[in-house]
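Going by the order they are written in, the chains are A, B, C and D; count residues from 1 in each one.
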Amino acid sequence: MPVQVRGEVLANRRAGAYHLVSVVAPGIAEQAKPGQFVTVAVGDEPTSMLTRRAFSIYQVRPRGVFGGTVEVVFAVVGAGTAWLAARQPHDVIDLVGPLGRPFSLPKQPATCVLVGGGYGAAPLFPLAEALRARGCRIDVILGAATEDRLFGTLEAKRMSATLTVTTVDGSVGVRGMVSDVLPEVLSATGADVVYACGPMPMLRAVTAIAAAAGVPCQVAVEEQMACGIGVCMTCVLPVIGDDGVTRMVRSCVDGPVFYGERVRFDDIGTVPADAWGASDAAPVDTWPRTAAPMGRR
Amino acid sequence: MTTTGSPHTGFAVRATPRRTAAPAVDLTTQLGSVVLPNPVTTASGCAAAGRELGQFVDVSTLGAVVTKSIMLAPRAGRPTPRMAETPSGLLNGIGLQGPGIDEFLEHDLPWLAEHGARAIVSIAGSSVGEYAALAARLRGAAPVVALEVNISCPNVEDRGQVFACDPRAASAVLAAVREAADPAVPVFAKLSPDVTDIVAVATACVAAGADGLSLINTLLGLVIDTETLRPALSGVTGGLSGPAIRPVAVRCVWQVHAALPDVPIIGMGGIRSGLDALQFLLAGACAVSVGTEIFHDPSAPARIRDELAEALAARGFQRVSDVIGLAHRGGSVAEGGDSLARGDDFLGARR
Amino acid sequence: MTTTGSPHTGFAVRATPRRTAAPAVDLTTQLGSVVLPNPVTTASGCAAAGRELGQFVDVSTLGAVVTKSIMLAPRAGRPTPRMAETPSGLLNGIGLQGPGIDEFLEHDLPWLAEHGARAIVSIAGSSVGEYAALAARLRGAAPVVALEVNISCPNVEDRGQVFACDPRAASAVLAAVREAADPAVPVFAKLSPDVTDIVAVATACVAAGADGLSLINTLLGLVIDTETLRPALSGVTGGLSGPAIRPVAVRCVWQVHAALPDVPIIGMGGIRSGLDALQFLLAGACAVSVGTEIFHDPSAPARIRDELAEALAARGFQRVSDVIGLAHRGGSVAEGGDSLARGDDFLGARR
Amino acid sequence: MPVQVRGEVLANRRAGAYHLVSVVAPGIAEQAKPGQFVTVAVGDEPTSMLTRRAFSIYQVRPRGVFGGTVEVVFAVVGAGTAWLAARQPHDVIDLVGPLGRPFSLPKQPATCVLVGGGYGAAPLFPLAEALRARGCRIDVILGAATEDRLFGTLEAKRMSATLTVTTVDGSVGVRGMVSDVLPEVLSATGADVVYACGPMPMLRAVTAIAAAAGVPCQVAVEEQMACGIGVCMTCVLPVIGDDGVTRMVRSCVDGPVFYGERVRFDDIGTVPADAWGASDAAPVDTWPRTAAPMGRR
C-alpha cells in the first residue's frame, strides 16, 4: 500500500544530463518493486504547481543509517524538475509511493533483454537485480539521443551478459536507436522476455519487434498524470483486456507496466471506436459550451 | 492562536507549531435533512468512488465521499491529453469517463458502505430523462445520503446547451430528479460559475425542488501548448479548478447565500487548507468539498478537517454552525478579530 | 530552441541561457487602422498613465501604454483595504480612483507624448452619455492611437447593471463612443468574462461599431479574511487578475476569435512571460496587455516583449502576424512542434 | 530613481523575534535615504505570490567588497516573509528600491525624538546617523509588545542622548506603550521635531501628542501595497494637502513619510466625504454586479 512521507534529501547530484536525488523515505523503500514509481510535490509552499511529478524508482535502500531511502533519476524539463534539481541535502520533500504495478518476474530462470531509453534506464537496474536473484541471464540495450543522456552504462555493463549502447548522434555506441539493434540482440541471446522503459514511440517499436520475434514483452509507459493514485482519470491509454475488450485504463494504477502487445500504441491519444464506453455520437462532455468551432485537427 | 494564518493567501505557515490535542469543536453539520459528522467532503471527480483514496484517508471519518459523476452507460471519456497544469490551477477534460450506473451500484457503493462512509452520489446525464433515470436507480441504495446533480453537461436535446447555463434547463433537470429520487434523500444542484447571474440559476433550481446547492463546478478555460502551438487538451477547452479559482468560488457562495440564506450550500473550489475551508463556511457554506488538492496531497481531506477544527477552536468557536454565513453578519467576534489583524491593539500581535 | 519552455505552466526555465543577439522577428502588429511597433502593451489600471512605469521601462519601446480608465470627474475610489493576494492572483477593488479627464488631458497625455509613447486611452462612465462625452473630449488628443472602452461599470441609469453583462447595454455604449470619437481612432470594447456567452456580447459590440475587442477584464471574486472573519476588501467583492485567470482569458480570446476572425483583439489576463503572450496570439489576439505582472516585476512589459521575440524566432517565425490565431488552424509548423514535444522523435529532445 | 536588481543574500540571521537579511544591491544602496523602503519578490518561480513585499531600509553599505548592500529587518507573518526567512547566503533575490519619500531632515541642528514600534525601529537608525551628521541631538523611544520584539536597543543606546524602552508586558523597560512615555520625553528634551515609525494606531497617538506639545512630527506609515511604485492605487490614505484639500494619496510614492498632522488617521479605511473626488452618490464601481445585498457592516 502506498504511503505519503516527508523525507530529507540525502544527496542531489548530476549524472550526465540527469540529476540523481536520494531521499529518506521509510515505508516506500521497504515496499518498492521494480517498475514502480513515486510522485513528488514540487515547489515551495504555497506552491503554484499543484500536480505531483512522477519518477520511476531507481535505487532503494530499505535499511540504512537514516532509514529506508529512495533514489530517482530525472531530467530537468520544466519548473517542477528545475525545483527538484535545486534541492539541497537536508531539504525535506514530500513523496508518495510506491505506486503502480511493477514488472512481473519470470517464474523460472530466463534470458531477459532489458531496453532503456534515456532516463527510462532507471527502473531497469532494480529489475535486473531481482532477475539476477532468480538466476536470469540479462542483456541490456541502452539508447539515448546523445552520450550525456545515456544513464547507467557502467552499472549496466557490470550486471549484464552483454550491453549494447546506441546514440542517435553516434557519439558513443551504435549510431541509431534501440530498435535498430534489438532484433539482433533478441536472436543472438535467444531472449525469453523483453522489458522496456522509455518514450512511447520506443515502446511501440520494441513491442512490434518483440512480437515479430515471438518474445513476450513488458513495457513501462509514461503518460501525463494529475494524481498518480487512480482517482482522476487523466492518465489513460487504450489497453486490451483479458476479455479482448479495449478499455481506457489508468496507467498509474493499472500500469505503468503493461504487456506490450496489449497496449494499442497506434491509438494512444484517441479513444478507439471499439473501446468500452466509446460513443459514436458527437463527443458529449462536461465543458464545451461554445457554438464556435472547437475541433482539434 | 495556534495557526498563524496568512489571511491573504490562506496558507498556514508551516513553521507554526500545531496544537496537538484535538480541540473540542462540534464539527457536525446539517445538509437539509442529513447530518454529517463534519463538513469536509471530497469533490466529485477528484476521489473516484473512494476506494483509492482509502489508502491515504479513512473515508469513514470524512463528512462524506462525493463520488465521480456517474452516467447511465459506461463511458470512455475523452482522448488524452486530458490535463494541463496552470498557475495554482489545473485544467482538465476527462469527459466523464466512468463505468455506468450498473457497475457503480454493484462494485462502488458497496465498498463505501462496507467502509462506513457516507456517499453523496453525483449524477450526470445528457437529457432530463437520463438524470431522472439515474435518480430512480439510486433509490434506497446504501450508503447514499444525498444526490449531487452535475448539470454542467450539454443537453443533447437542446443543441448541446449546458443545463447549468440556463435557469429553465437547470430547473427542468432538478424537478425531474427531485421527483424520481428517494424523498428522504436531499438533492443538491451543482452549478457552473460561467454564467452572468448565478443567483438566477440557483433560485430556479431551488424553486424546482433542489434541497441544496453545490458551488462551484470548474471554470471553462483553455491552455495553448507553446511547443505544439495547439490547445493542450484534446477537447480544446477544459475545466479550470484549484486555488486559482477560489476567489470566484467564495464569491459565488457569498452571492447565493445572501440571496437564499436558508438553502444549504456545499462550497468548493481551490480548498487547500482548513483556513480555505473556513472562508467557504464564513461565506455561507454548510459543508465543503476538497477536489484538486487531493492530487497534490492525497491525505488532504483529513488534514483539512483537522485544520478546520483547529482554526475554529483558535477563534473561540465551539460549533461549525456558529460560523456558517458569519462574514455576512459581522458581530462581536469579527470585530475583535478585526482590530487585532489591523494592528489596532497598537504594539500587539505583529510587533 | 533557446527557450526551454514548460508548455504546462508557461514558464521559461530561467536556467536556460538566453539568446543574446536580438532575433530578427518583425514584431509590428495591426489593430484595425493602427500599426503598433510590437504587440506588448500595459493593461489598464496597472501602469497608471505611464510616468511611474517609465522609471523601469522606456515607454516608447512598448506597443502602447493603455492608461488607467479615466472618468469625466475626479474620483476618490473605494476605501482601503483595496487588495488581497490570492493564489497566483490578485483581488482588487480600487474603485476607479483617478484625476478626471481634465487633469488627464493636461498632465498625463502630454507626458506620454513627450516620451514618444503611443497611448490607448481607457475610458469609463456610469452612463452612455458619460462615455460619449469622454470620447468627444479625447478627439484629436495626441498621442492617442486608440480608445479602450471599459464597460465593466455599473449603469446608474439601469439599476446599477454592469454594461458588459448585457449585450444591449454594451452595444449602446459602443455605438455612442464610436459616434463621438475621432473617426480615425479605432475603438476597442473591453469585455468582462463574467457572462454566460461572451461571444454574444462581443458580437453586439462589433455590430454597434466597435473596431476591436479587449479581452478580458477581471473576474468577480471575493476573499474572506479568516482573522477578521469579514471580506478582505472594503468593497466586499473585487476583480481577480493574474496568472490564476489566464486559462479563462485564453479561452475567451479563442472563442471570440473563432466567431469573429476578422476583429482585432487585445488579449490579456495573467501574462507573465513571452510564452504566455504567445498563447494569446496563437488563440487569436493581435496584441496583448500586461497587467498584474507589472506589480511583480516592473520591467515586465519590456521583458515580455523581448521574450516573445525570442520565442517566435526559436519557433522559426519571422512575423508576429504569422502566429495570430494559428492554434485554430494547426499547420505544418504546429505538426513539427507536436511531434517533438510528444517525444515522437523517439530518443529525441528530452532523453 | 528606483532600480530593480537581483542580488545575492550575504547573511540572514535572527534578532529576537525578527530576521535580518542583507543583500548585495548596488544602485539601491548608493541612493537610499532614511525612511525609504525596498520591495522584494517572494517565492521560488513560478511563484504563487504575485505582490512584492515591502520593507523599510535598515542599514545600507554603499561600498563594500561585494558592492553596495542593503539590510532589512522583518517579522515572519505569512508565507512571503516565511520564504524570505528561509533564504540562505548566495541565494539571489529580486529587489526594487529605493522607493518612497524619505524623512525630511532639519536644516539646523535640532533636538529630535525618534519613536519606533517593533520593527518600525529599523528606519530610525539610518535616520539617526543622518541627523547626527547634521549635529542634531537624538533621543529615542522604542516600544514593543514583548522584549523579543524590541529591535536595536543596544544600537539605539549608543547613538542617542537618552533611550526609553517600553513593553506592553513590562518584560523590559516601562510597562506600557510609547505614547505613555512620549509626553515626558518631549518636555524633558524640549524636542524640536518628532520622527516615528510603527503601526498606524501608534502613529496616530504620537501625532496627537506631538501636536498637543506643538512639535512637528513626521511619520512613516505602512499600508498594504500591490505595486510599491505608484501604478496601482491600492495603498492610499486620506492626507490633507498644502491647499487644505484632502486627497486619497498613495503611500508608496507620496509617502511612506508624511507630516503626521496631515494624515487623517481617524478616517483611514474610509473615503472622507470631503475628499477630492468623493461622491455622495452610492459608491459607483467597476465590479459589483449582483442584485444581492453586498453592504459591508
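Everything below uses one rule, namely that a residue touches a chain if its C-beta (ideal position, glycine included) is under 8 Å from a C-beta of that chain, and two chains touch if they have at least 3 such contacts.
These are the chains along with the protein names UniProt gives them: A, D = Dihydroorotate oxidase B, electron transfer subunit; B, C = Dihydroorotate dehydrogenase.
Since the structure is predicted, the reported quantities are computational estimates derived from the model, not experimental observations.
Asks: Report which interface contains more C-beta contacts, comparing A-C against C-D.
Replies: C-D
Asks: For B-D, find its twin among A-C, C-D or A-B: the pair where over half of the contact pairs carry the same residue numbers.
Replies: Residue-number overlap above half with B-D among A-C, C-D or A-B: A-C.
Asks: Can you work out the whole-Å distance between the CA centroids of subunit A and subunit D?
Replies: Averaging C-alpha atoms per chain gives centres 54 Å apart.
Asks: Please compute the C-alpha centroid of subunit C, do the same for subunit D, then give the distance between them in whole Å.
Replies: So the centroids are 34 Å from each other.
Asks: Please compute the C-alpha centroid of subunit A, do the same for subunit C, then give the distance between them in whole Å.
Replies: 42
Asks: Would you give the residues of subunit C that are in contact with at least 2 other chains, written as numbers and ranges?
Replies: 7-9, 11, 14, 85, 87-89, 165, 194, 220, 230-231, 236-238, 242-243, 254, 272, 330, 342, in rising order.
Asks: Going through subunit A residue by residue, note those that touch at least 2 other chains and give them in order.
Replies: Expected reply: 45-49, 79, 290, 294, 297.
Asks: Would you pull the subunit D residues touching subunit B in the complex into a rising list?
Replies: Touching subunit B from subunit D are residues 46, 48-49, 75-80, 82, 117-120, 143-145, 149, 168, 177-178, 198-202, 205, 290-294, 297.
Asks: Any idea which subunit C residues touch subunit A in the complex?
Replies: Touch list, subunit C to subunit A: 4, 6-9, 11, 13-15, 87-88, 199, 243, 254-255, 258-259, 328, 330, 342-351.
Asks: Help me check something: in the complex, which residues belonging to subunit D touch subunit A?
Replies: Touch list, subunit D to subunit A: 43-49, 79, 83, 86.
Asks: Sort out for me which residues of subunit A touch subunit B in the complex.
Replies: It comes out as residues 1-2, 4, 41, 45-52, 94, 96, 223-224, 226-237, 247-248, 253, 268-271, 275-279, 281-290, 294-297.
Asks: In the complex formed with subunit C, which residues of subunit B make contact?
Replies: 5, 7-10, 84-89, 91, 165, 194-196, 219-232, 236-238, 240, 242-248, 250-251, 254, 270, 272, 275, 278-279, 282-283, 311, 315, 323, 326-327, 330, 333-334, 337-338, 340-342
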